[in-house]
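We just call them A, B and C in the order they show up, numbering each chain from 1.
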Amino acid sequence: MANYKPVIGLEIHVELKTKSKMFCQCSANYFGKKPNTNTCPVCLGLPGALPVPNEKAIEWTILIGKALNCTINKISKFDRKHYFYPDLPKGYQISQYDEPIAVNGQINIVGVGFSDPRYKGGNTPPLQKIFRIRRVHLEEDTGKLIHSGNETLIDFNRSGVPLVEIVTEPDFDNSDDVKRFLEELRVIIRYLDVSDADMEKGSMRLEPNISVREIPNSKFQIPNKFQLPKYKVEVKNINSFRYVKQAIEYELERQKEILEKGETPRQETRGFDEKKVATYSQRSKEEAHDYRYFPEPDIPPLTFTQDYISSIIVPELPQQKVERYVMDYQLKFDDAFRLTRDLKIANLFINIINNKEIKKNNIPIKFIANLFINSWLNKLRRLPEKTNERYVDEVVDAYKLRFQIGEAISSDKYDVIIDKVIAANQKVVDEYRKGKENAIMFLVGQVMREMKGKAEAKLIISKIKDKISN
Amino acid sequence: MICRNKKPSSSLSKNISNCYNADMKKKELTKEEVMHLAQLANLQLTEKETEDLQKKLSETLDYVENLQELKTENIIPTSQTTQLTDVFFKDGVQDKRILLPEDAVKNAKRKKDGYFEVNKIL
Amino acid sequence: MSLLGKSVTQLRKLIEAKELSKSELVDYFKKRIKKYNSSLNAYLTVNEKESEDKTGSLNGIPLAVKDNFCTKGLRTTASSKVLDKFIPPYESTVTQKLKEGGAIILGKTNMDAWAHGSSTETSDYGPTRNPWDVTRSPGGSSGGSSAAVSAYLAPAAIGSETAGSIRQPASWSGVVGLKPTYGRVSRYGVIAMGSSLDCPGPVTLTVEDAALILKLIAGKDPYDATSSPFPVKDYVEGLNENKKMTIGIPDEYFIGVDESVKSRISRCTGILEKMGHMIKKIKLIDPKYAISVYTIVQRAEVSSNLARYDGIRYGNDRTYFGEEAKRRIMLGAYTLSYGYYDAYYKKAQKVRTLIIEDFKKAFKQVDAIIGPTTPMTALKLGEWEKYPFFGEVMDVLNEPAAVAGIPAISVPAGLDKNGLPVGMQIMGNYFCEGTILNLAHQFEKETDFFGVVKKGLENCKD
């Protein structure tokens, strides 16, 4: 029996958060608007309308290309890609065919195989792999279809929003790597601040192309040079990274079964059913669309000078930041990794480290990192932002408490208990407010009891006072 | 129009037929090719239209073969006679051209609640 | 005072001198339209709306506009039943400029449906008839505009040319028609036919009127990425420079041309020589190759530009397309389809480069190139069906300038042996509209177009 090696490539679409659309001046922010309230003759495809490209969208596509280590083509252009569908107003999409903006890039993904049994975690150098980027190009988004009873309704608010398409080489051979790659790509895109890259909102979409290659077992078979399988299955309609993994796993199994029977899986496009955790057939990719590409006659070609390309500066990317934190702050890879997933959090971390108060109190960086990682990360993502000073205060408070209790108690825990005590003792609170100063000690005692004595009285007093004098 | 080795005549249509080199292979589109094209072009054709198009398209394709007489190996194809490059619009919302929602759907035969409406797409 | 045949320039003077009111003038043309349009079918839609009172270089001048220009609130059909009830919610740049210049749009004129043709016979609303002989075509695709001017149902009109669609009907209808350099005038709002070829332009009774209108409508448009930033000259000012030019005459443009057309053109070039211009024989690539280039590139772009007409957001569905539209869409799809792109579209664009280089070389030797506008004069209605690709074949002499994108103007050059107008075209280098307008104006002053325009007005008296 033969061995099977998965051959997976990815096609990712990222919606740019430019102010206006790709070829007109309607807002690119269409989310939540009433239908067809954000259109103009251009993005509605009215007779006589003409496209004029958005300068920023092009600049950001070059930025993405550079961040992915691509070569930026000195000459590029737009092409028309023809097919008929009700959400495509012109009957063609303005995209790029043979002269895209960026080609031949790669990303070095560190930390692949977290779930790989060989990875021991902690201080072990994490595994890394290089995944090649075939191309990065720019195009426009379509309108949205909504199915309602016996009709389909169409809203063109989204029509014409800039989309960057990133196509990888089929370098993936397992679903974990795909997930890790997509997570890294998403963080990179967010670092560049060119897109929200949010799968749920549709500002990041992906389609894996999946095939399986047979590897001959017998030593008597002359091994072929690496030959791509003669088919590939494209899976659409995947709405999260978790589902990507499931879809790939399902497909690999399905395709292996077919190959084991001696047949070849059909080249086609399939959808993913989240409930059944299975893919299903949609349409045949082999009656491949004849897109009849030709150069867009309404838009003059693009030329990029070396100076212009150089002027587009790629900020420090997540992987560089991780390496720098490991080196500069002696953090573990895992910790540095977690701290850098969100640029805002990473920046907050750095701000706190460099803060005068923090330095005055000689609070170690490791302590701060642990505080972030063990207690704060989730809340930081969800709660509205506070000022840096607030966060600094909380760090200082937490640090002061650490010896008294053997572990730092986060300010949050105090708040929860204090609020509980206040709520349960409104009469005492009223008395304090009326002027009975000592009443506060009763509340402090209650809090101390809840915390089993492991608390600092002064801090509790000031917190209670804060809360009840509002 | 110059037709090599033929005497120019005053009638335009005569000139066209004189330009056909009898030795040249005539381009003949099959019915299947025409039907496939119609599908690509999202056109519905009757039987008669399909036949008519077979003939007419083949005649036109035959004529344009004359381009093969000209050598173009190292010639760059023209896509813009203007020789313009790098024409952009600055990023930013402008209200001037944005259509009122009523105007956006005004010319549609079928609409519902501000949406355009079509038969259900499977 | 009879207004019949007064040019735009003359009418402006009358309005400015308050000898004529704007409403009087509009009423005058509306009366004539009522009288003659049912027999000529030049107008598809007459504008009943009140126009805004703006002042500008075309203050109070009524104009006819070809029905492929989107006019806000005024029905626009491109003479196709697909757009039978289409009312654009926006204004094309050209008509916007006209309105801001004080012009009044009288109505929308008939054309070959989607501009696919050279006789206005593929219109879904019936053909337009030539005022010189109503059994004949006025030419196309701007046939309605040309007939309207020829019959003085408007003192001037706006047309569009992809290859011949202004020059050829101007020639068959005995009026002046100017195709500017591609990119000189914005295409925003013009229902696209051949995106790399379409040029809006004026159809007028005099060269001065053409210069005046061009000055108003030319210029870079931020909504059209192919519009040129090349500065707009004062084309009217430039008419009076008495430049003596070197004029190239290519033999290739006389082959297959009717004898009486040839002799009229020879007479004209003889006159130009007597006026002091130098006539020089030049060699140009045979126009027959331009037919192939144009047929492929135009039909490819047509097949693409007509893809948006699915009947969902506006108009009727694709079953409403006429036969000619279907033919062109199909051929265009074929030349772009998988496996054929290199052999057809790419090859055509390469030969296009050869034609461009050919003209560039010629204009190093000459200031202008002259030839007949069309090989023959107005055909009888119905004859077009005999040709497999009539439009492209009829425009053979117009296609080289069209695919190159250079400007060209057609002026009346007399009448043929049947008393039908003959047109002479003057082609110029890129953005040298001033040169060809100047030469055409000199010619007009010298010959008065052999009385052709005046005679034409006798077809449709007040």
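Quick notes
Quick note on the criterion: a residue touches a chain if its C-beta (ideal position, glycine included) is under 8 Å from a C-beta of that chain, and two chains touch if they have at least 3 such contacts.
Remember, it's a predicted structure, so these values are computed and weren't measured experimentally.
Compare each chain's C-alpha centroid with the centroid of every protein C-alpha atom shown, and the nearest one belongs to B. More C-beta pairs touch across the B-C interface than across any other pair of chains.
Centre-to-centre separation of subunit A and subunit C, using mean CA positions: 54 Å. The geometric centre of subunit A is 42 Å away from that of subunit B, both derived from CA atoms. One simple way to say how far apart two chains are is to compare their mean CA positions; for subunit B and subunit C this gives 21 Å. Multi-chain contact residues, meaning those touching two or more other chains, occur in subunit A at positions 40-41, 44, 52-53, 82, 84, 86, 91, 154, 156, 290, 292, 297, 299-300.
Within subunit C, contacts with two or more other chains are made by residues 86, 89-90, 196, 222-223, 225-226, 303, 307, 310, 312-314, 333, 337. For subunit B, the set of residues touching two or more other chains reads 40, 42, 79-80, 82, 84, 87, 89, 97, 99, 104-105, 116, 118. The touching residues of subunit B, counted against subunit A in their complex, run 40, 42, 79-80, 82, 84-94, 96-99, 101, 104-105, 112-121. In the complex of the two chains, the subunit C residues touching subunit B come out as 85-87, 89-90, 182-183, 196, 222-223, 225-226, 228, 252, 255-259, 286-289, 291-293, 295-296, 303, 307, 310-316, 318-319, 321, 323, 326-327, 329-331, 333-334, 337, 344, 346-354, 356, 375-376, 386-389, 393-394, 396, 403-405. Considering their complex, residues 1-2, 8-10, 12-13, 15-16, 19, 29, 34, 37-38, 40-45, 49, 52-53, 56-57, 59-61, 63-64, 66-70, 72, 75-82, 84, 87, 89, 97, 99-100, 103-110, 116, 118 of subunit B touch subunit C. Of all residues in subunit A, only 40-41, 44-53, 80, 82, 84, 86, 89-92, 154, 156, 290, 292-294, 297-300 touch subunit C in the complex they form. Note for the complex: subunit C touches subunit A at residues 68-70, 76, 78, 83, 86, 88-90, 92, 187-192, 195-196, 222-226, 300-301, 303-304, 306-310, 312-314, 333, 336-338, 341, 345.
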